[in-house]
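One structure below.
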C-alpha cells in the first residue's frame, strides 16, 4: 500500500474494570472507501469508534489521521479535525428542536452586524437547511422542523443524527449502526446517502449487524472479535457466510489480514 | 491508487426494488376544524410559558376579589414589583444554573458579599464609587467562577459545591463586614450611586424603581442570550443531556463555567439592587434568598432536571409569589397563617400549572 | 493555658461580634485559650448544645453563653456544671435564672422601661391614643424578649398582665406584635406587616437596633420617615447612636457588651485559679452591667445622656 | 373465523397534539400465531403496542382480551393479564443489576419464614434463574449476573429485556423491534426463541423492520400505514416485495384484509 | 381451529447456516496477575460505599493529628455520635426520598411538629405518654403521606411540594406550640419516656445514648428494606428511570407514596430523638435540619438524580460532617472560620470521594 490511510489506529487498549473492551485493536480506513466494521454484540465496536471519535480516551495505543499522530481529548477535537460521527445512542438533545440539534455546536450566525457583534443566530437559514437535508433523506413524515426531538419516533431520531453527520463531515464519517432503527424505505435512503457521501470523496466507517447491507455497500470489511480486529476481508472474495463464520469464531480468520 | 477497489454497488435486495414508487405522504393529521377549546389546547401546547402567566392572572383575580380596590391600586401594584425585584434578578441567575441541571445555593451569599464589598470600598475605604461598584461586580463574577471551576474541573455536584461556597462566602461576608450595617445616611453622603437602583420614576401613585427596570433589562438580555445565540443553545443542550451535548461536539465544561460566571455577576447586580431597596448595606439580608429564587424558577415552569424552562417563566414565578404574599398581607391574614397560606398557594399554583399543561397535551 | 469558651447567639449581630472581640482581647490579656462559638440563627438551640458539649470535651474550665433559647438550653448547661465547668450567662438570663453560676446582663426590664417612659413623656397627652407596633425578637419569647417588651409597656403605662408573657395585654393602643429575629431583614418585614394592619402606627418599639434599622426602611418606603413615627430601641451600638443623632431612632437604651465579656473572662480566670465564683449585684438575681438612655430630646424625670456623650461610650 | 382472537383492538385513536399517531387502528392477534407488524418509521406501530400493553391510554377505541373488553390503566394491569412486552426503549433500570432487572416487579421471596413475613428476597434463585435464561439466549458474554445494566452494550441490554419477556409471558408476548440492536448470532437466537415461545403455546406480536426475519417467522403480517392497519397478509401468499410495496404506499392494499 | 395456519419456519438465510459452529467464548478479560494497587481499585469499583468510609478515616486522621489525644478520647468519640444522631435519622428519611429522585425540604418541620405534638399531648393535655408518642408518630406519617399524595396524585415536583408543606407544617407547629418551649423539668415530671432517647449506656468515659442505638437500628432496618426486599428494588428502579420502572410493571405511584410515608414516620422518630437530646421541646429548632440532612446524603455518595446510593453512605456522610465540626471546635478554630472551614471541608470531602471513585474506574 503506497497511500497513507485517512485514519489509522494501532494497538488501542481500553479497559472497563476487568473487561477489556479494546484489546490491542488495530484499525485502518483508506481513501474513498466504505469500511464496514462487523462483530458480535459486545465485541468492542462502539468502544473502538468512540476512541476514534474522541469520545473515549484509550488506555494505550495511537491514532493517526492522514499519517499524523493525533490525540483527541474530546469529540470536539475530532469534529474539528473533520471526523463526523453518528453515535449508537445518537447524541441528540431531546428538549431541543430538530433544527437546533442539526446545528448544535456549529450554529450559523447572521451575516450582518447583529450576527457579527451580538452573535444573533440565523435561525431561518438553519431551519431551511435542516429541512432540506431531511427531505433529501426522505424523512418526510417530519412536518415541523421546530418539533422537539423527544416527540420523534426512534427511526425519525436516527434520521436526524444521520443527516447531521452527512451534512458536516469533511474528512470522514463514522456511523454506528445507523439503520438499526430504520424502516425498509428509510434504510434504503441511508444506504444511498452513504454511497452519495462516498461519491463526494468522503470515506465512511459503517458499523452494522445487517449483513446484506454491509455486503451491499462496503469496500472492505473489518471483522472485530473479543476486542480486536481479527481480519479484514474484501466482500468480493468472501461470502457472507464466511464473514459471519469468522466473526463468530466458527471459522479461523485468513492468514493475510489485509484485503 | 493501487488497491482501492471501486465499489460496485451490489444493489438492494429484491424486495426493495419497488421502493421508488412509494408514496411520499406524511403522517396522518387531524383535519377537522378544531374547536375553540382544542385551539386553546394547541396554543398552550406550543407556548408552555403561557401557563404560569395564567396562574398569575388567576392569583391576581383571586386577591382583587378578596381585597378589593386597594389591591389594584397603582401604588400597590408597583409595590409588588419592587418586592419581587431582588428575587427576580437572583431568579434570572438561578434559571441559568438550573437550566444546566445544576442548582446554586450560594446566590444569596454572593449577593450580600458583593453589596458589602461595594459599600465598604466606597464608604469606608473611600474608593470612587464607580470603582467600588466594579470591584463588587468582579467579586460576584469571581465567586461564580469559583463555583463553576469546582463544578467543571473537579466534577463535583453543584449542590455540594454551592453548599460549601455558601458557607465560605457567608463567612467572608461576616468577616469583611464585621457584621456591621453601613447606614443609609453614610451611603447617601458618600456613594449615592449605590442607592440609584432604589430611586424611582413616578407615574401617578405608581413608583417604578430603576432596580425594577434593571431587572427587566437583564431578563431581556439573558433571554436573548438563551434564545438567539449559540451559547444559549449550548446551555439548553448541556442541561438536557450532557453526554449527548459532549458527543455532539459542545464544550460543556466551558459552557458551564460561563453560566456560573454570568450567574455570579448577576448576583452582584442583585446586590446593587438590594442596596437600593434597603438603602443600607446589611450583611444579614437575603437569608431566604436562595430558596426564594429557586421557588421562583420552579413555579415559573423550569425543570430542576435541566434543559427545559425560560427566563420569562421565572419572572412570572417571582411575581406569583409576590402577589400571594402581598395579597395575603393586604387581606389582613395573621403572619402565622400567611406562612401557611403561602405554602398552600405555592402548591396550588404549581398544581394548576401542571393541570393546564396536561390539558394542553 | 486554661481553655475557656464564649457562645453567642449568632455571628450576624455586631453586638455579639463586639462581645467576641472584647472577650478575645481580655482572654489574651489573662493568658486564656478562648474558643468561640455561635448559633446559625437567633433561636438556634442545637448549635449551642453542640458547642457546650465540645467545650466539655475540650476540658474547658468554664464558658460564657448568650442563650438562644433561655429554657431549652438549661439541661445542657446543667450537664456542663455537673462536669465542673463555670457557666456564666450573658445578656439573656436563663429561665430559671439560677440555672447558671452567674448572669452578667443589662437589666433588660429596666432598659425597656426607660424607652417606654421616654416615649410616653415625649407624646404627652397624645400618649392616650397612640398606636404602637411591637417588633419583638422570636416566637418562643426568650427572657430578653419579654423583659424588654413588658418593661416598655410598664414604662408607657400599659397593663402588662403576666410579666413573662407577650401578647396577653388588652390595651387598644397596641397595633400588634411581630417577630424580627433581631435583624434588619426581619425588622423590615415585621414593620411592613404591622403597617398593613394599621397604617396609622406612630410608636415603634424594637427589640434591638438592627431591627430598628430595618423598621426604618419600611417606614421610609411607606413615606413615613418624616419624624411622625417615634422609633425606640435598645443596644447603643455606634450606628444606633448615630441614628439617634440623625433622628431615625428617638431614644435607645445603651448596653455594654464589652463589659459583660470582660467580666466573664475575669470571673472564669479567677475560678480557674481559686475556684471562687462571682458575686451577684445585691438585691438582684444577676449582675447588672448597666443601661443608659440616650436621646437628644430628653424628657422630664427620665434620666438620659445625649447622643454626643453616647458616641463616646458606644461599641461597634 | 369461529375462534375468538387472543387480543383484539377496534378503532384505536391516539393524538399527540396535531399528530394522529393512531387513526382508528384495528388489531387482531390469534391463538398460537406469530403476528408481525410492519410499517414505515412513524407509522404508529409503537404507539399501537403501547396502547395494547397499557403504557398509553388511547383517546378512543376498545381492546378485547379473549373477547372480553379490558381497560389497562397501567403496564402492570396488562402484565397481570399475562401480556409481556419488550418495549422499543427496553424499560430497563440502568443502575440495577441484570438479575434485578429480570425480576423487577415480580421478585421471588424466600419460601421460609423470613421470606413470608419479612419479605426477604431469594436472591440466589433469582440470580440462577436469570443466568440460565440468558445462557439459553446465547448471551454468554455477560460474565456477571450482578453487573449493572448501564455497563452493558446496546445488544446485551436488548437480550436482557427479551429474556425477561420470554420468561414471564403467560398469555402473549409483544416485541417492539427486538433484534434491532442485535448481532447476527444473537438475532438468530431471538428468532429461535420466538419459535420456541410459540411452540409453548404463546402467541407473539413482533414489530420489525427486518423483512427476512418477518417473512421467516410470521404467520400473518399486519401492515400499518399512517396510523392505521391497511392490510393483513399471509406471508405465503405475498412476496416481500408486495409487502414492502403495500407498506410504503407503492401498491394498493388487497381488498380482502384478512389473511 | 379452522384457519390457524401452522407456521412452517422458513429457516435462516444462507449466511447464517454456520452459526451453530460458532465459538461461545466470552469477552476478553484481563488475565495478568493484578498488582496491589489494581486490586485496591477493583475493590473500590465493586464497593463504592467504601469510598466515603475512606474519607471519614482521612478526616479522623487529620483531626487526631491536629487535636491530639482529646479527639480520640472515648468521651469525645461518643459525643460525635450523639451530635450526628438527629441528622443521621433525618438523613435516613432523606435518603429514601432522594433515591426516588425526590427531595424533602420538610423533614425538619415534620420532626419539630411531631416532637411538639408528643410533648404537648403528654405534658399539657395529659394523655398517657405512650398514646401521645403514638399520635406524634402518626402525625409524622400523615405529613409524609400528604407529601406523597401531592407528589403522586397531582404529579407535582417534590421540591415544590415539600417547600409548600415546609411552610404549612412550620405554621402548624408555631400555632400548636404557641412557640413556647416545653421545659425539661416539666417533661421529666410527667413524660420521662419522651427523654428516654437521651439516656445512655455508659462504657467508661463513653456514653452511648439510646437515641444513637435507635439510629443504627433504623438504618439497619431501612438497609434491609432497600436491599433485601422487593420494595427496595422498586424504590431504586423508580428513582433510576421512572418511565422504565412503570413500563416494567412497577406501581411507581404506590412505591413513592410508601417512601414518603415511611420518611414522615422516620422524621417523627427524629423528633423523639431530638427531645431526648435537648431534654426540652424547643419549637424553633431544626431550621437547618433540611440542608444538613441533604448534605449528609450527598456526602454519603447518593445521587440527587435518584437510583444510586445507600443508607450506610448517609450515616458515614453525617459522621464526616460531625467529625469536621467537632474537630474544628476542639482545635480551637474561631467561630467565624469554623463556618469557612466546614464549607471548604465539605467540598474537599466530596472531591476526594470523586477522585477515589475515578481511580477505582
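Read from first to last, the chains carry the letters A, B, C, D and E; within each, the first residue is number 1.
Here, contacts are C-beta pairs under 8 Å (C-beta built on N, C-alpha and C of every residue); 3 or more make two chains touch, one makes a residue touch a chain.
Remember, it's a predicted structure, so these values are computed and weren't measured experimentally.
**Q** Any idea whether D-E or A-E has more C-beta pairs in contact?
**A** D-E
**Q** Nearest whole angstrom, what separates the Cα centre of chain A from the Cα centre of chain B?
**A** Distance between chain centres, rounded to whole Å: 39 Å.
**Q** Counting in whole Å, what is the centre-to-centre distance of chain B and chain E, each centre being its mean C-alpha position?
**A** Going by mean C-alpha positions, chain B sits 30 Å from chain E.
**Q** How big is the gap, in whole Å, between where the Cα atoms of chain C centre and where those of chain D centre?
**A** Here chain C and chain D have centroids separated by 73 Å.
**Q** What residues in chain B touch two or more of the other chains?
**A** Residues 13, 15-16, 19, 22, 27, 29, 174 of chain B each touch two or more of the other chains.
**Q** In chain A, which residues are in touch with two or more of the other chains?
**A** Residue numbers touching two or more other chains: 16-17, 19, 42, 89, 141, 143, 184-185, 211-212, 244, 248.
**Q** Where in chain C do residues touch two or more other chains at once?
**A** Within chain C, the residues that touch at least two other chains are 11, 41.
**Q** Which chains are in touch, pair by pair?
**A** By the stated definition, chains touch in these pairs: A-B, A-D, A-E, B-C, B-D, B-E, C-E, D-E.
**Q** Which of the residues in chain B come into contact with chain A in the complex?
**A** Residue positions touching the partner: 1-5, 7, 9-13, 15-16, 19, 22, 24, 26-27, 29, 224, 228-231, 233-234, 236-237, 240-241, 243-251, 307-308.
**Q** In their shared complex, at which residues does chain D touch chain B?
**A** 15-21, 23, 42, 44, 211, 226-228, 239-241, 243-245, 248-251
**Q** Can you check the complex and tell me which residues of chain E touch chain C?
**A** That would be residues 70, 73, 75-76, 79, 82-83, 86, 174, 179-181, 183-184, 277-288, 325-326, 329-330, 332, 334-336, 338-339 of chain E.
**Q** Quick check: in the complex, which residue numbers of chain B touch chain E?
**A** Result: residues 105, 150, 154-157, 159-161, 163-168, 170-172, 174-175, 291, 294-295, 298-299, 304-305, 336-337, 339-340, 342-347, 350-351, 354 of chain B touch chain E.
**Q** Where on chain C does chain B make contact in their complex?
**A** 11-14, 16-17, 41, 178, 183-185, 188, 192-193, 196-197, 210, 213-214, 216-217, 220-221, 239, 242-243, 246, 248, 316
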